[in-house]
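Chain IDs A, B, C and D follow the sequence of writing; residue 1 opens each chain.
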Amino acid sequence: MASETIPITVEFTGGLEMLFADQRKHSLSVPAKDERGQAVTVGWLVHYLCVEVMKDPRKEMFVLDGHVRPGILVLINDADWELEGEASYALQARDNILFVSTLHGG
Amino acid sequence: MASETIPITVEFTGGLEMLFADQRKHSLSVPAKDERGQAVTVGWLVHYLCVEVMKDPRKEMFVLDGHVRPGILVLINDADWELEGEASYALQARDNILFVSTLHGG
Amino acid sequence: NGSAKWPLLNEEYQRYGRQMIVPSIGIQAGQLRLKSSSVLIIGAGGLGCPAAAYIAGAGVGTIGIVDGDTVETSNLHRQILHSTSKVGMRKAESAISYLKSLNPNPTYIAHTEHISPQNAQEIVERYDLVLDCTDNPASRYLISDVCVLLSKPLVSASALRTDGQLIVLNSPPLPPGNEAGGPCYRCVFPKPPPAESVVSCGDGGILGPVVGVMGVLQAVEAIKIIVEGKLAPSPEIQEGLKATPTSMLLFSALSPQPFRSVRLRSRRPGCFACSKDSGLSLEGLQSGSLDYVLFCGLASSANVL
Amino acid sequence: NGSAKWPLLNEEYQRYGRQMIVPSIGIQAGQLRLKSSSVLIIGAGGLGCPAAAYIAGAGVGTIGIVDGDTVETSNLHRQILHSTSKVGMRKAESAISYLKSLNPNPTYIAHTEHISPQNAQEIVERYDLVLDCTDNPASRYLISDVCVLLSKPLVSASALRTDGQLIVLNSPPLPPGNEAGGPCYRCVFPKPPPAESVVSCGDGGILGPVVGVMGVLQAVEAIKIIVEGKLAPSPEIQEGLKATPTSMLLFSALSPQPFRSVRLRSRRPGCFACSKDSGLSLEGLQSGSLDYVLFCGLASSANVL
């Protein structure tokens, strides 16, 4: 049980991919439960990405004060995470989590 | 068993929707088996759409000589039906079948 | 005058004939709506140039262009209304000289200044619909706020490198406090990004046709809003409206699936701009009590369009 | 000259700087590839106008425009390189006069005639890449065939009413019989549509920015092919290539999900044009043994661009 994992897809766009080795699409297997035995959430995933996946030292370009930094939209299966319970949303197998950095150029 | 149905989505674009009451997206329940007890195929669906769904009398704009007319692409879950066995592809629940009339204007 | 038998001039039937016969435009109703509407394009750069060309081509009656900049050589790979001989000229005037030669029928108004809290009301209130074609967060918050205060639908786009984004805001454009209105920029982005995370096209680069696609798509959305009669919903229609979510279109030119639509929220309860607790007012805007540059951080303040 | 320290002129660094710093372009390699490439745009209408503007803006070295038509007022809502004062002028020349004022650096070549089996080889062989911006099936089959025979990648788009389609064909442009090449138009559409099912923009109507979006997207695809070095894969690269499927981008302006990418096939075994059993030859084309108008049916023959 402790080693049960769920497959998810994480994508970055709008320049965020540059913080993740220039890779837009990441197929990940994440543990089904966190260290306290709770189902893993998107909030957990953000921390996991920051600590385990992101090699770029500029962590503050992704997470600021413990939250996804302002100007980044989080989409769960193409819907704003605010429609899905935000950070507390429990990850399901084959979920697609998309992080979009808002662009301002024109 | 005889009344078992499968839910599919059929879409028309590129002007074909005008032959189908100007409706681009149709949610249909089709019988799981044809009159001979075989799993229904896309070929069966084309005939069904032509006879049961299409109200426009210009049938030859959709089916010609028993086949989907030249200039219409058939996509099964967003892939050319030639990659999926063409007319003999057996429909699955929640399949999306898209008919695209090729455009020539510019 | 919609009841007149030939409500358009002969030249107009010729010029707009190909779009008038598109069923969703409507032979005369749609074209008359375009002719009687007014559109403000804020920014005559990589987004504003292609957007303006198609909005003028389609026969929108009044078109305003806001830009305080002058044309530079480095603009020309993507700002296709300008030309080499216009380097040094005001962008708003350069753009209008092109638009007049494409279609002399519309009334064109050049606003050769950057949009600011002081001039925003005076400029925006003369138009029915606004296109945000600017290039920095401070302008984007200001434009959204003034569109909420003046009940104007807002078509907003942005681009950088090989990516683009498009979002229709405040549509339907209902008064602050009416949760059936479309969300505003602050509903989607309540806090501005840290200044050091904001990259301009000047610093990050931009592929010309990438920003071009986004600008043309702004014209598509603007024409749809006008032709479908959604500029200002009548009070009866407002009664029946429910909370309106919006969607954002993402474009990544290098991706095998280059476009993606994502569902965003409807108006945010407690939004600083569009909720019943709104802290915005036209007086506050005029008096300078809202400092957008400070709000967005100084690093992005170099060039407030 | 890629090894020279400053292989571009000072004006070019200024003009193209914003796109040169996009990582996928490459500061100098990508820009030099654009400068040394040549692109043929067949059709200076609703697709060709915006495509040409961004291809010229980006600094492609040689740009040819093929069009036998003259500018009409009814073109101007969507054919944004022309202008009211150019009504009656040859479209190819009108377009080039605009392009020169946007960017004087490229070499521009006007082909003021419709493409035909007789002139196609002579025109197309001078260019590295072709954009099909025409408006009828006979031209589309002819252009695809000649691109297969001359090994040119082909970026093809079309539009009608509020819909558009985009497909990259013959990319990589390997010789007929090499199944690793990209599919051609005949692989996807082995039989032409019945003539009575073909609707032109003149008859069916077209929303200007809808065809505009498709034309700008053609420029995006053309620039990607050039910058990524895919114009003519070297023999070593050809060895390792596998069958290349293609995809088609569908645009429906009125749909809540306006864009959709669908996967199409790779080269069709037995394709009349690109398989080892190809029935095509340059001699056959020249001699008129292939009658494209007859092949596509007379109803579409009124205006073979």
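FYI, contacts are C-beta pairs under 8 Å (C-beta built on N, C-alpha and C of every residue); 3 or more make two chains touch, one makes a residue touch a chain.
Small disclaimer: the values here were computed from a predicted structure and weren't measured.
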Chain pair with the greatest number of C-beta contact pairs: C-D
Whole-Å gap between the CA centroids of chain B and chain C: 39
Interchain centroid distance [CA atoms averaged], chain C/chain D, Å: 30
For chain D, residues contacting two or more additional chains: 161, 201, 204, 206, 260-261
Overlap residues in chain A, where contacts from two or more other chains coincide: none
Chain contact topology (line, ring, star, complete or other): line
Full enumeration of touching chain pairs: A-C, B-D, C-D
In the complex, chain C residues that touch chain D: 11, 14-25, 50, 53-54, 57-59, 73-74, 76-78, 80, 82-85, 101-104, 161-162, 201-202, 204-210, 212-213, 216-217, 219-220, 223-224, 247, 249, 253-254, 256-261
Complex contacts: residues of chain D adjacent to chain B: 43, 45-48, 133-137, 140, 157-161, 163-165, 188-194, 196-201, 204, 206, 211, 245, 248, 250, 252, 255, 260-265, 300
Residue ranges of chain B in contact with chain D within the complex: 13-15, 24, 60-61, 64, 69-73, 75, 78-80, 82-83, 98, 100-106
